[in-house]
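Following this line, the structures themselves.
What follows is chain A paired twice: with chain B in the first complex and chain C in the second.
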Partner chain A sequence: MEVPFWNKQVETLDRTSLQAIQLERLREMVAWALKTPLYGKRLTAAGIRGPEDVTDLHVLEQIGFTTKDDLRRSFPKGLLAVEMDEVVRVHSSSGTTGIPTVIYFTRDDLDRWTDLLARSITATGASSRDILQNMMTYGLFTGGLGLHYGAERVGMTVIPISGGNTKRQIQTMKDFQTTVLHVTPSYLLHIHSQLEAEGVRPGDLALKRAFIGAEPHSENTRRKIEDLLGIQAFNSYGLSELNGPGVAFECIHRKDMHVWEDAYLIEIIDPKTGQNVEDGQEGEVVLTNLIRRAMPILRYRTRDLAFLHPEPCACGRTHRRLSRILGRTDDMLIINGVNVFPSQIEERIMKVPEVATNYLIHVDKKGALDRLTVKVEIYPKLFLGEAAKLEALRARIREGLRSSIVISPNVELHEPGSLPVSEGKAKRVVDERPKD
Partner chain B sequence: MKITQISVFLENRKGRLYDVCSLLGANNVNIRALTIAETESFGVLRIVVDKCDAAVKLLRDSGFVANFTDVVAVEVPDTPGGLAMVLKVFADNDVNVEYMYGFVEKHSDKALLVFRFEDTDVAQQVLARHSISIVTRQEIEGL
Partner chain C sequence: MAKQLTIFVENRAGRLKTITDNLRKSNIDIRAFTIQDRGDYGLLKLIVDKPDDAYLALANLGCACALKDILAISVPDQPGNFHRLTSALAEHNVNVIDAYGFVLQPHNTGVCCMEIDQPQLMKAQEIVAEAGFTILQDEELYSL
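Presenting the complex of A and B:
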């Protein structure tokens, strides 16, 4: 089997040369990071006053980790290392408590990120002959636009359809004979059930591949997708703090995801001690961005649990492979590819005077899709006997939640005392999605 | 004369309506009229009972969310056009009905209609002017 490469030289570089590139880029990044208040303070306190103090890849262990909280506290421009003049793109993700986090790119940053996506797409065997239907959401979320740029660079025909509107998705697959999809696994399974309902057989379509990501899924889910649709499904990994999609991607062998190590310094740590663990051992993924000047991020704790494969891949790439995401070290929920923190929901609910402080977040599956239900108790004194007013309250809570967590949950009103009380360790999240 | 309707919030749970009715029954509270406003996720039970204050205390003590609403009960002949006759009076006099429900009385040729008005006082004046008999609280209690 011929292995396709976008940049064979870099992708198959021996480990020593790869580490030399990492060190060189880390020095550059530290120089940029020193311009920001947060890292300026942390780096100088650790005795790192310039790139020349970065003597090896481990020197940054002295500055500790960067967390989502650090990013939030630095909102909006605390981590910006260049003049706004040089920034050509902003992306953002929702924050855990209402304050979003923001990511900046210079033109060169975008160029380097785009190249990683082109590399990722090519590694799957997709090429300029393919027609890509990009079902990830376009906008502040990095998933849509990020891959779009990479696909254009490869020369694919890109259909920037974004997410939702399943009927139109299916019609577009037929009209343009789409060969590649970029989609969350749960939405792809939903599309499959719609295809069946409409009597469309996979043979009527031209699909060959799907790039799946943005939400954790099991090997069984991948197999199911592949069997049902008769395609190959490639797992991918990325997060906006580290640019977005294209941090790691599967190659034609589909045996876990190559981390592009010339662009990202990856560590797996024991989440309790913060110490690095051996390859092969599960731990929390920590990443340093080596290619983004507008907003350097050093040693970012992703809260994702995974492990690195110690052995090389049959494709010949020397960049290590990251396992699929096995869990989280925090309570973040991923609902149809959208990250939701229970604290965001709580904050919203507490602003509604008509409801009491008890609430329950319930997640299950409706068909292939995730369904989020927020249950609240009504406050007896504010019940005046009007059903219409309660319906309006429900709509108001739902709208408030939607503006905070992007997705629109079901809201259920309950009688006081019917949900678990807030004292002690009440279980606020019930996740009944099958774990297959 | 206004009478009192009790509204009870019912969450979408099996047997919740039964819980209310069995509680009232066990305590010898008689339901005179009843309707349920339902939505996809909850219901609001509206009842007129013979022992209103006792019933609300009972419900609240048992953990139900219950409240009072002023309504007006009217008796009309239980014959075709009985309800229409009353509604014509309201329509002609610009009295807005928010909701209403009816009950046929046993051992009588009358029907009991319960109205919730936008403006209860104006509605009562209109009813009085047209000699439509309003059911009193005492009558409800003794029905």
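Presenting the complex of A and C:
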């Protein structure tokens, strides 16, 4: 089997040379990071006053980790290392408590990110002959636009259809004979369930590959997708803090995702001690961005649990492979590819006087898609006995949640005292999605 | 004006029983009831002999309940009378949020309970009286 490469020289570089590139880029990143208040303080406190103090790849262990809280506290410009004039793109993700996090890119940053995506796409065997239907959401979310630019660089025909509207997705797949999809696994399964309803047989379509990501899924789910649609499905990994998609991607062997180590310094740590663990051992993924000057991020705790394969891949790439995401070290929920923190929901509910402080977040599956239900209790003192007011309340809560967490949940109204009490360690999240 | 007790009840087995059990313990006599179904919950609406006592009994229990002024209209139990009532309200553009009725003495007396939007409530009262109907005050209604 011929192995396709975008940049064979870099992708197959021996480990020593790869680490030399990492060190050179890390020095450069530290120089930029020193310009920001957060890292300026942390680096100098650790005795790192300039690139020359970065003597090896482990020197940053002295500055500890960067957390989502650090990013939130730095909102909006606390981690910006360049003048706004140089910034050409902003992406943002919703924060855990209503304050978003923001990511900046210079033109060169975008160029380097785009190249990683071109590399990722090529590694799957897709090429300029392919027609890509990009079903990830465009906008502030990095999933849509990020891959879009990489696909154009490869020379694919890109259909920037974004998410939703299943009828139109299916029609577009027929009309343009789409060969590659970029999609969340749950939405792809949902589309499959709708094909028959639309009178479409797999033979009417030209699908060959799907890039699946933005939500954790099992090997069984991948197999199911591949069997049902007769395609190959490639797992991908990325997060907006580290640019977005293209941090790691599967090659033609589909045996876990190559982390592009010339662009990202990856560590797997024991989440309790913060110490690095051996390759092959599960732990929390910690990443340093080596290619973004506008907003350096050093040793970011992703809260994702995974492991690195110690053995090389048959494709010949020397960049290590990251396992699929096995879990989280925090309570973040991923609902149809959208990251949702229970604290975001709580914060919204606490702002509504007509409901009590007890609530329950319920997640299950409706068909292939995730369904989020937020259960709240009526606050007796503000109950007026009118159905119209209750329905207006339900709509107001739903709209408030939608503006905070992007997705629109079902809102159920419950009797006072029927949900778990707010004190103590009440179980606020019930996730009934099958784990397969 | 007559008082209706409205209670928020989740739509699941056993919820009504909890409420009736507490009304029974407080020795409340239920004159009429209806349930407005809203899918995952319902609004139980009661006409009782001691509305304030019933409200306190349920509120102390933690129930979401409310006492509300409604029109309780005495309607002679003969063909066409309910139509006469709805016509009078329609003519003056009064909207009825919810209504239910019960017959007290067959072929003689019926009662129609109507929930009217607060801003239109006084006006509706006048219209109904002008159309020749008797509006039952709370004591009259509870001692039926």
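In this text, the second predicted complex is superposed on the first by the 436 of 436 C-alpha atoms of A that agree within 3 Å, B and C clash if a C-alpha of one lies under 4 Å from a C-alpha of the other, contacts with A are read in each partner's own complex, and residues count from 1 in each chain.
Note that in this section contacts are C-beta pairs under 8 Å (C-beta built on N, C-alpha and C of every residue); 3 or more make two chains touch, one makes a residue touch a chain.
A quick note: this is a predicted structure, and the numbers were derived from the prediction, not measured.
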| item | value |
| --- | --- |
| Room on chain A for both chain B and chain C (clash or fit) | clash |
| Partner chain in contact with A:Asp364 - chain B first, chain C second, else both or neither | neither |
| Touched partner set for A:Glu391, first chain B, second chain C, both or neither | both |
| Which superposed partner A:His414 touches (first chain B, second chain C, both, neither) | both |
| Chain B versus chain C as contact partner of A:Pro380, first or second or both or neither | both |
| Chain B/chain C common contact set on chain A | 378, 380, 383-387, 390-391, 412-418 |
| Sites on chain A touched by chain B in the complex | 378, 380, 383-387, 390-391, 394, 410-418 |
| Partner chain A, residues of chain C touching it in the complex | 4, 6, 8-10, 15, 36, 38, 40-41, 43, 59, 62-68, 97-98 |
| Chain A to chain C touching residues, read off their complex | 378-380, 383-388, 390-391, 412-418 |
| Residue numbers on chain B that touch chain A, as the complex places them | 5, 7, 9, 11-13, 37-39, 41-44, 46, 60, 63-69 |
